[in-house]
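Please go over the structures that come below.
Here chain A shows up in two complexes: once beside chain B, once beside chain C.
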Partner chain A sequence: MRDLSAARQGPYIAASPLVRPLPPATRLLLRGNSEVMAAALGALGLEFAETACRAASASGRSALWLGPDERLLLAPQGAFSEVFELLRAALAGRPHSLVDVSHRQCALEVSGPQAGLLLNCGCPLDFDPAAFPVGMCTRTVLGKAEIVLWRTAEHRFHLEVWRSFAPYVSKVLALAARELTP
Partner chain B sequence: MLLINCPYCGERPELEFVHGGQAHIARPANPAECSDQQWADFLYRRDNIKGLHAERWRHTHGCGRFFNALRDTTSDLFLATYKVGEQPPTQAQLKGATA
Partner chain C sequence: MSQGLRTASGGRINRARPVRFTFDGRELRGFEGDTLASALLANGVHLVGRSFKYHRPRGVLTAGSEEPNAVVAVRRDAARVTPNLRATEVELYEGLEAHSQNRWPSLELDAGAINGLLSPFIPAGFYYKTFMWPRRAWQRLYEPRIRAAAGLGLAPEHPDPDSYSNRFAHCDVLVVGAGPAGLAAAQSAAASGARVMLCDEQPELGGSLLGEADPGASLGESGREWLAGTIRGLLANPRVTVLTRTTAFGYFPHNLIGLEQRLSDHLAQPDLKQPRERQWQVRARQVVLATGAIERPLVFPGNDRPGVMLAGAVRTYLNRYGVLAGERAVLITTHDEAYRSALDLRRAGATVTIVDARDGASSELAEAARREGLTVHTATTVIGTRGRLRVKSVQIQKLDAHGQARGATERIDCDLVLMSGGYTPSVHLFSQSRGKLAWSEGLQAFLPAESPERVRCAGACRGVFSAAAVRSDGESAGAQAARDSGLTVNTVIGEPQPVQSSGAAAPGDLPQPGGEPAAKAFVDWQNDVTSRDLLLAAREGFRSIEHVKRYTTTGMATDQGKTSNLNALAIVARQLGKSIPEVGLTTFRMPYTPVTFGSFAGYSRGELFDPIRTTPIHDWAARQGAVFEDVGLWKRARYFPRNGESLHAAVARECQAVRSGCGLFDASTLGKIEVVGKDAVTFMERLYVNGWTNLAVGRCRYGILLRDDGFIYDDGVVARIAEDRFHVTTTTGGAARVLAMMEDYLQTEWPDLSVWLSSTSEQWSVIALQGPRARQVLEALVQDVDLSAAALPHMGAATGRICGIPMRLFRVSFTGELGFEINVPADYGLAVWEAIHAAGEPHGITPYGTETMHVLRAEKGFVIVGQDTDGTVTPDDAGLTWAIGKQKPDFVGKRALERPAMHSPERKQLVGLLTAQPHVVLTEGAQIVLDARATPPTLPIGHVTSSYYSATLGRSIALALVRAGRSRMGQTLYVPMPGGNLAVQVTSPVFYDPKGSRLNA
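Entry: the complex of A and B
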């Protein structure tokens, strides 16, 4: 596979004090049954659990639960070959689907004590730490765009946004941030 | 906002969901033996119930799963949701849940 990462430009991200773009990353979408998930997460050194809407994370690698048979795997940009080969070896002979979606999405980070309040401008989920604890992740909607939301700390959220939705999502957040006191 | 209880993810806002038509419609085991009328009924004819209706829903902007729901079409009240392949709860079970 030709590496075109040097020629690629990130999408436009509206400036906002609470939102910052995260660097490019390796993203793989894995689908398969529990056996496949257990083998894949084991190979990546992550803890496997069937619990819905929870992310496992260790040493820069993460696996986000998106559905009973679907996980989004995240790793640093340079780790693609290593992660892909690990997964290919671990999943050989098991029916599964492993798709590289690194370039389909970009990541945003929303942080600050008002991060949950800011996201509530377009996302009706309850961001109380009891209802949406640290480590919870889910696919949901923000305004008119579908996003993947992951709470990495009490006052920090990781957003996976499709590339073409990123200008819209960042503008919605930047506009809403003007309503909040800095 | 109306909350719908996804059997996998729990209570979620309605705008994450998509309606998927009537539930529990079994495909004929051997379509070649069906008359045209039977096949057309399977494909197109649906109940239009006023009251309790078993429907398919999909958590499109969430886990992506299809599931079934018992909904009152007059009040838009979701009485129960359950996974595909399971039987809908009986009246007695519903009464026990709401009592």
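Entry: the complex of A and C
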């Protein structure tokens, strides 16, 4: 019988300067109270904090605050089973919801000194480092699509986009990139 | 034609760069730095357009965005024609092609000018009075004729090939206007480290200073250096964004300002890859409005002839563009400031006669004019002008001690008339911010008072006019704005300057012999509204200025009455015997100047108009030649025509393949929600009509969701994956709203439940494999799940692997055949689909689309929410009472279902219809009546909701909602159609395999 494990195919991403698609990843949506979050982040070796709209990140694993009871957990593609088992063990007996959304969305990286300017073509947020510091993450919009946006460095942003919106988002970014001065 | 009226030197034009352009086909020359208006004037062209209603010859009135007359079309090619542009703003470029508007056959000889002779018969509101009867003629005859005769430019007939851009921005201080006040404000705000944005509608910073002979000199000692240094400093500051050619067109709540930046209209060869315009949405902590003031025309008979211009505009053309607009000028004024224009013209070599309506104008400027040898008539009014295509003379008359026009008259020959009624502060944006305006008696103007927004005004727009005071006022406003935006300001913040009140003239019209003008005295140039129209409106009983505006159309043209509103208000107030503030102002509406539709669309054009959502299998279907349909934002394959098949033929083939072999269907767009938590089953019990407690793990159930009014909201198959985990599916279009409804109930009604909802619509690709051979196809690909009917019966669910890919496998059927829905992680959707397709080829596997899916489910009487239901259908109406959990204490909509009306036997119920002629397919939405001979109007008893030709049954079938439908089985009803009433027989909605033996195979 054929094994299709290597036949993954993500959505179409329009090529443009400043934007690159990120490789497939493990994505888990964790819902639960603060104790659940503290236990989960602890198990993953991440620092737990209740600060809104902040991401914790270490050793390739990240937890993005999306709500008081919601974190988006990211890890390398191959780490799915390991992360899943760590969480299962840490969360046993605690009411929570853990849902695999690895394929629901894909990730884009927007980088360069004009990254914020480019995102402002369709995202109404203020990307001044004082208003949107490194480590900040939030649900927001890019044009008519919802995205999760996370600033990973002063000039670098990580976008999580639902797969069917990825062509649209990447095309809007490609169109707007033409206006940037090289 | 030579640029005969160009001065020998001076101005901000680049005389080393001549520019060729055409106006109505005539080749003319100007210079780089010219506007179309200044270049036309330099060529002696004063006649630039015909007026809206009377088709009167019109010339350039102003030198700015307030221009009502010189409205032209600029054409680059057939698609890129922009009508209604103000020539005073159009920057000249090599090869610019401009056309006048609203004239036929030519500007000089315009047939429509007959309206001028007919004018006694077409006063204000004439069409309300004249075209009352017959009523039908309004649509067919009057309106098209009136629209053709009136109006301004023509819209281009081709799609706009240009692109447009959007950008969001934030700043501490947004300064609107880069005149002395705005520059000073931006500079002082930036000095505190504020993030500043400065925008100005002109191509160059400086505002009113650009119209000075020596820009900056009027600011006092070292004013020139200050001006140059300030501009340099702002441009060099990385915290400051300077936007020229950018109009702040709208003030929206919470300090959101809309800016329109024109990027390429001034270029001879725009780069088509770059946007033409960029619309900014700026969220500013603080706003400083430094929008200046607009000079007011005077209202006197014949004040609209080409060659009659605002005094300040004439001065701007002279100083900024090196254009002497005329050589024999008459200045008509009620304001001191205009004397500057007379003196500048005089120094440039023109003769100037000053007519000042005020008694004893003896200001410094008047004295200076007399010293220069100019004739000054004081206490004198203007009672008429002459000249067909250009003003030739002005008729003046002395005023008596009571200000009545009773004295001697005199005619002054001229080729240029300057007029000035003082300045109206530009409070448009302030007013849009919901700011209150206060009438200043001293200034005879409305000034900004309080606004709920974080906004302050500086300079002329708040009644501070002298250049030095304007600069201090701007500095003060900028520093205050920086401080109020939360920054520390280390310098001493100056106080706003006091409002100046000297030399202000009352708005309104100039005194006329007998009180009323002998000829048309225009108030609103662009909509051809005269002082008589306003007086007539007041006499006819209009009291509110808003009503007068609509009746006379004053201030309703594309210039929004920038030059006319205050004069109109004053004339109406006088006639009503009220003061100006008693009458009040009309609303200032956005946009400040017209904004292109393109810039509002921005990137949302063509394929980016809305996101186009496609499934992982989309490209495969496209390669197979599938025809797609839009379902919400999704593209779904509707059918897969082979060898040029019609829809009908393809659907018949696909249906037969599913019924006889197997078919493959992409159901990935179905909404999916993962409901997880120890209270998941309680949540499901409370929400859906069905019972869930007794649903075992590994089983599916068809769920129905009602709104709280008891009507069907959504439906879908729900699988129990674990004790505490449900895989809920929704309709494609309902995915987002069902999740929102669930969250709403969870958060507001049942926050105590330990359950969470996660959208997994896009996590799973869903492949429906349907047909008697489906099991055989699947068996070749799945090892770890027993697919036998005993192990996995209808509505069974299993997890396992297909070709090594993890899957959730549901044995469900929306076709009435043995069927499976294979859920795999989306990135594997295409690979698994292709594997199933390959494995199915020996079995004649056939991909089918939504149309076939619709036919197959209709043959089985399965409803589609939103097609067979319309928000007024209960589960019982749809024949789905069986789905309701009878023992349940409650669910959303239960109480509503208990209302007596919900049990009325007369409710519309879902039934099947069979046409008497089997090959006639009913039209969906067609009405159903009882009587064979019924003719409209008659009372319908229902309507057709779904209708198809069924290849399986060899005849047409239809579903319908019919009043008391289930009691009418076998009855003949009628469907009225244009060709006659069609007889139909009422049947069960299940047309095929009513026992469900195929489903359970």
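In this text, the second predicted complex is superposed on the first by the 177 of 182 C-alpha atoms of A that agree within 3 Å, B and C clash if a C-alpha of one lies under 4 Å from a C-alpha of the other, contacts with A are read in each partner's own complex, and residues count from 1 in each chain.
The criterion applied here is as follows: a contact is a pair of C-beta atoms (placed from the backbone, for glycine too) under 8 Å apart; a residue touches a chain by one contact, two chains touch by 3 or more.
None of the values given here were measured: they were computed from a predicted structure.
*Asks:* According to the contact criterion defined above, which of chain B and chain C contacts more residues of chain A?
*Replies:* On the superposition, C touches more of the residues of chain A.
*Asks:* When the two structures are overlaid on chain A, which partner does A:P68 contact: first (chain B), second (chain C), both, or neither?
*Replies:* After superposing on A, A:P68 lies in contact with chain B but is clear of chain C.
*Asks:* So in the superposed three-chain picture, is A:Q9 touching just chain B, just chain C, both, or none of them (first/second/both/neither)?
*Replies:* second
*Asks:* Which partner does A:N120 reach: the first (chain B), the second (chain C), both, or neither?
*Replies:* A:N120 contacts chain C only, not chain B.
*Asks:* Touching A:H155, do we find chain B (first), chain C (second), both, or neither?
*Replies:* So A:H155 meets neither chain B nor chain C here.
*Asks:* When the two structures are overlaid on chain A, which partner does A:T138 contact: first (chain B), second (chain C), both, or neither?
*Replies:* first
*Asks:* Looking at the overlay, does A:C53 come into contact with chain B only (first), chain C only (second), both, or neither?
*Replies:* A:C53 sits against chain B, while chain C stays out of touch.
*Asks:* Taking the superposition as given, does A:F165 touch the first partner, chain B, the second, chain C, both, or neither?
*Replies:* A:F165 contacts chain C only, not chain B.
*Asks:* Hey, what residues of chain A end up touching chain B and chain C alike?
*Replies:* The overlap between the chain B and chain C interfaces on chain A comprises residues 124-125.
*Asks:* Could you please specify the touching residues of chain A with respect to chain B in the complex?
*Replies:* Where chain A meets chain B, its residues are 52-53, 66-68, 70, 124-125, 138-141, 146.
*Asks:* Inside the complex, what are the residues of chain C that reach chain A?
*Replies:* Touch residues, chain C against chain A: 163, 165-170, 195, 273-275, 278, 281, 283, 603-604, 607-608, 610-616, 633-634, 674, 676-678, 754-756, 758-764, 780-781, 783, 803-805, 825-828, 830-832, 835.
*Asks:* For chain A, which residues count as touching chain C in their complex?
*Replies:* It comes out as residues 1-5, 7-11, 24, 29, 31-32, 69, 95-105, 117, 120-126, 128, 131, 143-145, 162-165, 167-169, 171-172, 175-176, 178-179.
*Asks:* Which chain B residues qualify as touching chain A in the complex?
*Replies:* Going through chain B, the ones touching chain A are 1, 8-10, 12-13, 15-16, 61-65.
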